[in-house]
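Shared between the two complexes below is subunit A, which has subunit B as its partner in the first and subunit C in the second.
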Partner chain A sequence: MSKIFPKSANALPLQILIFLGVLGVVAAAGITYYATPAYLRVGYQPVQPVPFDHSLHAGQLGMDCRYCHASVEKSGTSSVPAAQTCMNCHSIIKPASPLLEVVRKSYETGDPVPWVKIHQAPDYVYFNHSVHVNRGVSCVECHGKVNEMTTVYHAMPHSMSWCLDCHRNPAQRIRNPEDVFNLNSAPLAAQGPAGLKTAEKFIHDWKVKPPQSCSGCHR
Partner chain B sequence: MRYAYYTLAFVVVLLISVMGFRGLRSSRPPIEVFPDMDRQAKYKPQATSKFFADGRADRPLPVGTVPRGRTVNADPAFLRADDFRYAGKNADGTFARGFPGPVTETLIRRGQNRYTIYCAPCHGALGDGNGITKSYGMALTPTYHDDRLRSMAEGEIFNTITYGKNTMFPYADKLSPDERWAVVAYVRALQRAGQATVNDVPFEQRGGLK
Partner chain C sequence: MSAHSTDHAAQPAILAEVNPAIIPRAVLVEQNRDFHWITEKVCGIVEGTTPTWWWWCFGLAAVIASFTVSGLVYLVSTGVGVWGHANPVNWAWDIVNFVFWIGIGHAGTLISAILCLLRQKWRTSINRAAEAMTIFAVVCAAIFPVFHVGRIWFAVMPGWLFPFPNSNGIWQNFRSPLEWDVFAVSTYGTVSVLFWYVGLIPDLGTMRDRFTATGNMLKARIYGFFAMGWRGSNRHWSNYEMAYLVLAGIATPLVLSVHTIVSFDFAVSLIPGWHTTIFPPYFVAGAIFSGFGMVMTLMLPLRAVYRLEDLITQYHIDCMCKITLATGTMVGYAYSMEFFIAWYGSNPYEGFAFINRAFGHYAWAYWIMIGCNVITPQFFWFKSVRENTTLVWILSIFVNVGMWFERFVIIVTSLARDFLPSSWGYYSPSIVEIFTFFGTFGVFSFLFLLFIRFVPIMPMSEVKAVIPAADPHAGHHH
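Moving on to the complex of A and B:
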């Protein structure tokens, strides 16, 4: 009577187990890489109704972020400007540009420009802009170098673990309060041991206590 | 068994070629893997609304709206009843001279901060009207350093910031009344600095100045 299974089949159960192990590792790696905000959100670059160029306005012209996003220091929301803010200059500069047609129409009718929101925190996250920028956290930490972006894209993952990286160790990310809106500045900690000491002093003096409990950001 | 690994490798290569790498630009909205309450039935600031005809969740304030739960006696500021502080005017409607509060270094520094953000793009860091916009066609920005503007009442400068003038648009949406007074104080400081001489600098700080 011949054998039903060849002898090599004896090793098969072990080989299958090893394969399943490899499969599990590959699947876990794939999910970590692809199913997290670092992949899903970073790089989101919607087409906007007006091709506003941040690298021109905030970079080349050197305008302050707050010229347009005026409420960022005072409120939880960093406001998107009304068309009137654009018209402050564009009533004189390039007043007939076809690219600004939507802005002019918005200014005349009062209907908002339909900007596409890029950084959209989940509704259970209560993020407050003013408390961050008034405590040395620069725009660039969460939005990347917008002053070099022709069309703005989502530059940072904005995942919860990414928030906590800074909430657990703010000294590494804090800037001099004067540098918060200077997107080319370096964090204090990147300016050598003296800078780190300044950051730690700032955290102490200004009572920077980023919450790590759930209710700090979720209500 | 070998073929299982070949298949796995093939699937991995296929996945990477379809999904790409992290950070690739895309105009498609991000996928929310577990969208549990990510988007709730509530309005956030500057959001869109399907309910209101103009599509805005933020409602424009009807004229004459006052905040709830405050009274004139407890907080006179909210009705802006003080003509000087909130309109820069005297009781008879003329523009007031002077400031509604004390002019301190803090106020001037606050003014400098606000001026640099909101005024300097056109009026220039020195107040000479040579801001960055001049080279792009904003030709008519005046300098602060002439007698007309040196002798202008503080209240009129305040009024100009609030309502704009000629080609300048109003800045009341960006600068609160108190911030406007701070900017007025800084404009005065700029005008004073424009007329400074070496005698204004303390002797020990003159250094190489001649």
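Moving on to the complex of A and C:
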């Protein structure tokens, strides 16, 4: 038989197989790390028009989340405060601070402060804040420890699987309703088997039935 | 009577010695063709100049295939509404065409796998082309379920059809037969391609060596690449035979399982006329029936054009006709059994579904189906019919038509008349659907013409193994 390929071609099938195997592993690892919301969203920290410091207000001063985000318990959306809310205090405290210039201007003209939205649920996702915070889901579960953030950033991935992790197994993440706005609290399940039992009882008594069907969120 | 007994009175009642007449087995290669002739004949098809008829057919096939391409482009750019589906018939030509094409593939797998395990030597000269037919039929079949989703990128993205960990945290509905279909058909396609390719390797080696000998190094390298270093050594043959046998073993259950699962698409649902336990065997018999119809539709012209009468003999045609007859009769039995069970089961909806099939708005389709699938194969009882190649070819076309109508009747009649009379309807295909389906024959022919031009259409080594010269001891084993 005549030779039409060099002898090195004998190793080619194995080399191709190894190459494809490595390529597959690298591609899967790369996509998992770089192309999922855990990479693409987490850490997003835009510069805001006002350098509002959550760690000062909600952390050191101990202000309740609901002082500013007032509608969170009653409405699907958690309200972003109007400049009026800021001026309740800042008409007295640091009334002339140059950092608050944008707020004062908004207060005078009525045009809203152009905050940059960080947590953006897609249009095809129905999300209701009130139903979550009234059933023991704390702010911290989705927004992270905002009370420790100088400038707010995207702390959690907010991918669909991340939503479903809790919807499929809410007992692990649920808190006492009085702890929902206490960002330093821990889920009941963190207290061990007794806490988990309390969480399960709460889920039963309060009929916590997080939807897992498509139309639960994609209405 | 008395005269008879007197005549034989002298003879003993029992013969001292029995000499049964030896009926010669049909030869598989006629005219005592030798190894060299087979090689020259099969390789000559690939090596010779491209015949004019091939270019005409290829051009025509490409034009017809363009109907499918344009139909699909229009569908993707516009939406699935361009097909004629509407309540209550939301499954129609798309799944009819899918089942039709996937069924055709089954004959190829039966010939290559089951007949291999059963040592039916007549498979050798038709198995390569039949397997090619299987692969091309799976390609045509896959078009319809993939494109009927409309947004086809979802069909190819990992995590939608095939289970794959994803950031949506969702999985397929594993209880749905449609998902089983994904596994069944993709396995079927993969195994068919592997089986076909492994069988090709020795012949690709032959082609490589012949092109090397004539100095056509480009072709030698191309065939050599696909021959994967085949040298024809004893070790190669030993490994090859084992690989082929293992693949035959893997492919054998697929002949039964693929169409069983396709039938589950219907049988697992609760629609009257679909929800019957006879569906899996009935579908498998129908698939083999339709597949042999298509094998004959393809092989008979091929045999005539390339003068392959010595390799695809009358015995081969007889065998194929008899399998068509057997499976066609099974299908006919299933049709009557469906009616019997509908009556015997006393379910009014089931009863209505079958009366409606035979005498309702789609009765025309039902009787085309009965005519083509039940009556046509009965002609194959007659030797004179089996020996009339033209007639066999025409009958094989009827089989193809009938099996398409079978799927149409099953799918459309049941959906058009389901439980709620208020939602009853009548389905007609849109022009886009008609052209998309018609075009798949172009796609199929396009691929098949490429196959007969560039690939040895018969496994030379296997055909050589069934001629007398390959068996010097003439069947006497020591």
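The criterion applied here is as follows: the second predicted complex is superposed on the first by the 212 of 219 C-alpha atoms of A that agree within 3 Å, B and C clash if a C-alpha of one lies under 4 Å from a C-alpha of the other, contacts with A are read in each partner's own complex, and residues count from 1 in each chain.
Note that in this section contacts are C-beta pairs under 8 Å (C-beta built on N, C-alpha and C of every residue); 3 or more make two chains touch, one makes a residue touch a chain.
Fair warning: this is a prediction, and the values are worked out from it, not measured in the lab.
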Partner chain in contact with A:V22 - subunit B first, subunit C second, else both or neither: first
Which of subunit B and subunit C A:L99 touches, first, second, both or neither: neither
Which superposed partner A:M87 touches (first subunit B, second subunit C, both, neither): first
If touched residues of subunit A are counted for subunit B and for subunit C, the larger one: B
First, second, both or neither for A:L56, with subunit B first and subunit C second: neither
Subunit B versus subunit C as contact partner of A:Y33, first or second or both or neither: first
Touched partner set for A:S79, first subunit B, second subunit C, both or neither: first
First (subunit B), second (subunit C), both or neither touched by A:A9: second
Overlap of subunit C and subunit B interfaces on subunit A (superposed complexes): 37-38
Residues on subunit C engaged by subunit A in the complex (per definition of touch): 166-170, 208-209, 212-213, 217, 220-221, 224-225, 228-229, 231-232
In the complex, subunit A residues that touch subunit B: 12, 15-16, 19, 22-23, 26, 30, 33-35, 37-47, 61-64, 66-67, 70, 75-77, 79-80, 82, 84-85, 87-89, 91-94, 110-112, 120, 122-124, 153-154
Contact set on subunit A toward subunit C in their complex: 1-2, 4-5, 9-10, 13, 36-38, 157, 159-165
In the complex with subunit A, residue positions of subunit B that touch it: 1, 4-5, 8, 12, 15, 19, 22-33, 37-40, 42, 44-46, 54-56, 60, 116-118, 121-122, 132-133, 136-140, 167-170, 173-174
